[in-house]
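I've put the structures underneath this note.
The same chain A turns up in both complexes below, where it pairs with chain B and then with chain C.
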Partner chain A sequence: MSKTVTPWLDNLLQEIEGIEIRRKDSRRVRIDIAADSLPTLLELLRGRAGYVHLSAITCVDWIDESQFELVYQLWSYESQSLVSAHIRIARDPGVYVSVFDLYQPAAFFERDIHEMFGVYFEGSPDMSKFILTEWNGPPPMRKEFDAEAWVNETFERKEYQPDWLKEITEQGGGIVKSPEEARQKKP
Partner chain B sequence: MRPENYQAISHPPSNEYELNFGPNHPGIEGNYALKVKLHGDVVVAARADGGYLHRGFEKLMEGRLWIQNIALVPRICVPDPVPMEVCYSMAVEALNDMEVPERAQWLRVLQLELSRIAAHLFTFGGHAATTGMYTTMYWGVADRDQILDLFEEWTGGRVYHIYNIPGGVRRDIPAGFLDRVSHTMDYIESRLPDYDNLFFTNQVFVDRARDTGPMNQQQALEWGVTGPNLRATGLAFDVRRDDPYLVYDQIDFDIPTEAPGDAWARTLVRRQELKQSIHIVRQVVEKLPSVSGPVRTQIPNPLAWNVPAGETYTRVESSKGELGYYVVSDGGDKPYRVHIRGPSSMHAVQVLEQLAVGARLEDVAQIMFSLDACPPEVDR
Partner chain C sequence: MKNMKEIDIPIEASVEQSRTNPLARVFDELVRFCRSRSMFMLHYCTGCGAIELPPAMTSRFDMERLGIQPMVTPRQADILLITGYVSIKTLKRVILTYEQMGSPKYVIGICSCTVNGGMYWQSYATAKQLDQYLPVDLYIAGCMPRPEAVLEGMRKLMDRIRSGEADGWKDYYRRYDWYLGNQQHLFGDDWQTPADVIGEASHYDLAGSGTEGEHTHLLQQCQKPLEPQQTFFQIGGSLEVKGESHE
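Coming up: the complex of A and B.
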């Protein structure tokens, strides 16, 4: 059993247009490929090279380049190596095809990415909300979404003054120093 | 889900009805719900409903320094927090091209295995509780506490240790600590026959767990199942051996497997792994005195630490399966993106939805616990 990607696979992969293969170490291979060719690549890797396990799909928001990067981590139980396939898609409209017919675990990751980044996967079995069922705002993992600003806009800051604390304060106890006072530097 | 957002599954008038299973129920270590459709007491459809423990870890991590995230990651999986720390630290080390001192690697292995033992004791205790055998659960939790005592002495924290940092570990073990580890291992090993008598060979457990929630190896591979759940279908795959990290390639251990792939097999694999973990801990205890040197490398000022731009996917074998971190740096003092691939994100959603169908309602909790799903890993 070879511990690296087999040479015939290397040769086969070279035939795909616009592909860039980088070997990070004996067990890790990085492949950058055009978005259109990814399903073909995955079909090859799964069908011919034994990369049957999809570890993860990750979305990275490159807002400055107006692109989303999708990273597919594939593991082969036979050759014991991990291939990561990287593609870039346009940030707007942010649509890509599902790979569910090749890898069933894709359903979870695609649903998650749709929820968190707003990327729509055509052909994915379920694009409904899973984690953020109560959320109506923009996809929160996008870089332009500022969680702290959203909290400041949405919620009011209130002072904590329950009745029991008032009673204690009147008797001279309670919170001796307010948080604002505590934060001020000593002269 | 709030009541006003509840939508019933529409179906024509029939003998089927719908039941909200959770989010608080005996089947899982956290809050997680299933919407099940039943005919009599047999499940005909199941739909996972997560999000009750969503705390936005991935977003929070983008706003914190590399070193600050160490205090955040163990919270992602409460029963087995150490793999989170180790995996994140390994990712930052990979980005920095940083070597970890050998002693630190052995200490990490010791911590990982102790955490695995604690998590397995918790899980099969929980599985026993779903079949009505509460004594096993009390025993499991009490014995797990022995390990938490060790962690408390070692790191100051019982559950969240915040002990592994990029570049190594925070401090060395206290004097005489290894003796106490050996003592605890002896104690836990001496308890295993009791567990066998009480639980694993108990006819109640065997009858109820056999043929409950079965999956074959092909299904497991298609559904992305990893860890003990995959090994319970007969495939001897373990990240520790097949994609080794730290010093696992210097350690001798077996990978237990079972063929049937049902709830019984999954729990039995954990029972055997417990023994293997004790075996590994003993090897570490024997080895550690001969490995001298520092326990961490010099790292730059952690408050102004710009990690070189790059990306990495690191993974470890947690007690639940393959745990992966995909970390991207843009050269700044904070991560650009962190994606956590928890093993439970497969087990608790797609796999559970499939395995629950055909089971009886009273077995649903058992199937969940036999999959050892950890909801905070799904929600993140």
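Coming up: the complex of A and C.
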């Protein structure tokens, strides 16, 4: 088999409705698809196109559009090519179906996304805590979680004002910009 | 009480009372010298600072000529080396490790992250100041400190051990309530370790006014007895349970 994504993949994908295919590269395809059709797409890609390896599931929080974007990265060992399937789901309630029945490694990715973003995957074998076993707050990767405010509330900081720094500051050097100022200048 | 000046420091006075041997101070000097020249180091490699330790330990800088050797278990180690950022999850393990070590024990914090969070200053997952949870004897600042700085820090610690200034482990017993309070702030009220720190403090005659307090009372209320470890073996499809029954 050649090492480019062959035309038969295009023909195969035409079987699904409401699909947008963008070729990024000779060996890379981006597919935007409605959330309902994703299991069908994965089943086709796995069963008839040899995309047997689910490399990762990524989550993106689009807070302004009130949506989560889920990206399924699929790799084919035969054609050495990568397919990224992008779907959007509603941010509230943030529930989607698990693809554990198709790809077993999905259990870990889904558990991780549940922990970091609070997305619940129906049918996933384990939705308990994964890495953040000591964490009791809100899912920390959601955009509305302000990590800096949480840190300022939880931890204290050590003051460091040595004499040499004071001297430099008097001459106009030292800490020129505080983090707050640096952030305000961003558009 | 032999000397009225010693009453100012009540804990020191109680130690001084038991010293009847006129050569006690000479022996102390000798013991501290020997201690400072043979240190076993447990490096808990939490972050990137650990990468500077192999050059510090191997032939170029050769830490062993100062009598410092790496050690594999906490119970035989003298120095606990925290090399880099401490996440809250790691901090639990660090405290468990520290409490297993035999006294006298010394903690060295390497890298900026142990001082004030370093580049993880706004991270929700890392503890910011290590010395709020463990008594740190020495910080080696830098991001990361070079092996020369690590060796310089070790020399400094040796000097402090010889002069008797490196007594962070005593501080942990004397102000255990404060340390425990900070730990409970992060880990919740049901935080407990297998070590009986208050019992050890009274064993070493180091129990002071700060050893027990509201936080240790909370610990005693929430304390659960340690359960025997359960071991499971999967043999030929049927699950056999060895050890304590789990029903």
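To be clear about the criterion, the second predicted complex is superposed on the first by the 154 of 187 C-alpha atoms of A that agree within 3 Å, B and C clash if a C-alpha of one lies under 4 Å from a C-alpha of the other, contacts with A are read in each partner's own complex, and residues count from 1 in each chain.
Note that a contact is a pair of C-beta atoms (placed from the backbone, for glycine too) under 8 Å apart; a residue touches a chain by one contact, two chains touch by 3 or more.
Everything quoted here is computed from the prediction, not taken from an experiment.
Novice: Once chain A of both complexes is superposed, is A:E156 in touch with chain B (first), chain C (second), both, or neither?
Specialist: second
Novice: After lining up the shared chain so the two structures overlap, which partner does A:D61 touch, if you call chain B first and chain C second: first, second, both or neither?
Specialist: First partner only.
Novice: On the A-aligned overlay, A:A147 touches which partner chain: chain B = first, chain C = second, or both, or neither?
Specialist: Both partners.
Novice: Which one hits more chain A residues, chain B or chain C?
Specialist: When the residues of chain A touched by each partner are counted, B comes out ahead.
Novice: Can A:T133 be said to touch chain B (first), chain C (second), both, or neither?
Specialist: Both partners.
Novice: Taking the superposition on A as described, I'd like to know which of chain B and chain C A:R88 touches: first, second, both or neither.
Specialist: Neither: A:R88 stays clear of chain B and chain C.
Novice: Of the residues on chain A, which ones does chain B touch that chain C also touches?
Specialist: Residues common to the chain A contacts of chain C and of chain B are 131-134, 140, 147-148, listed in rising order.
Novice: Along chain B, where are the residues that touch chain A in the complex?
Specialist: 1-2, 5, 48-51, 54, 56, 58-60, 63, 221-224, 226, 235, 237, 242-243, 311, 313, 315, 322, 324, 326, 328, 336-337, 339, 341, 345-346, 349-350, 378-379
Novice: Name, in rising order, each residue of chain C that touches chain A in their complex.
Specialist: Listed in rising order, the residues are 88-89, 92, 115-117, 121-125, 127-129, 132, 185-188.
Novice: Please give the residue numbers of chain A that touch chain C in the complex, ascending.
Specialist: Going by the criterion above, the answer is residues 131-137, 140, 145, 147-148, 150-151, 154-158, 160.
Novice: Can you check the complex and tell me which residues of chain A touch chain B?
Specialist: Those residues of chain A that touch chain B are 27-28, 52-56, 58-61, 71, 73, 75, 77, 80, 82, 84, 103-105, 107-108, 112, 116, 130-134, 140-141, 147-148.
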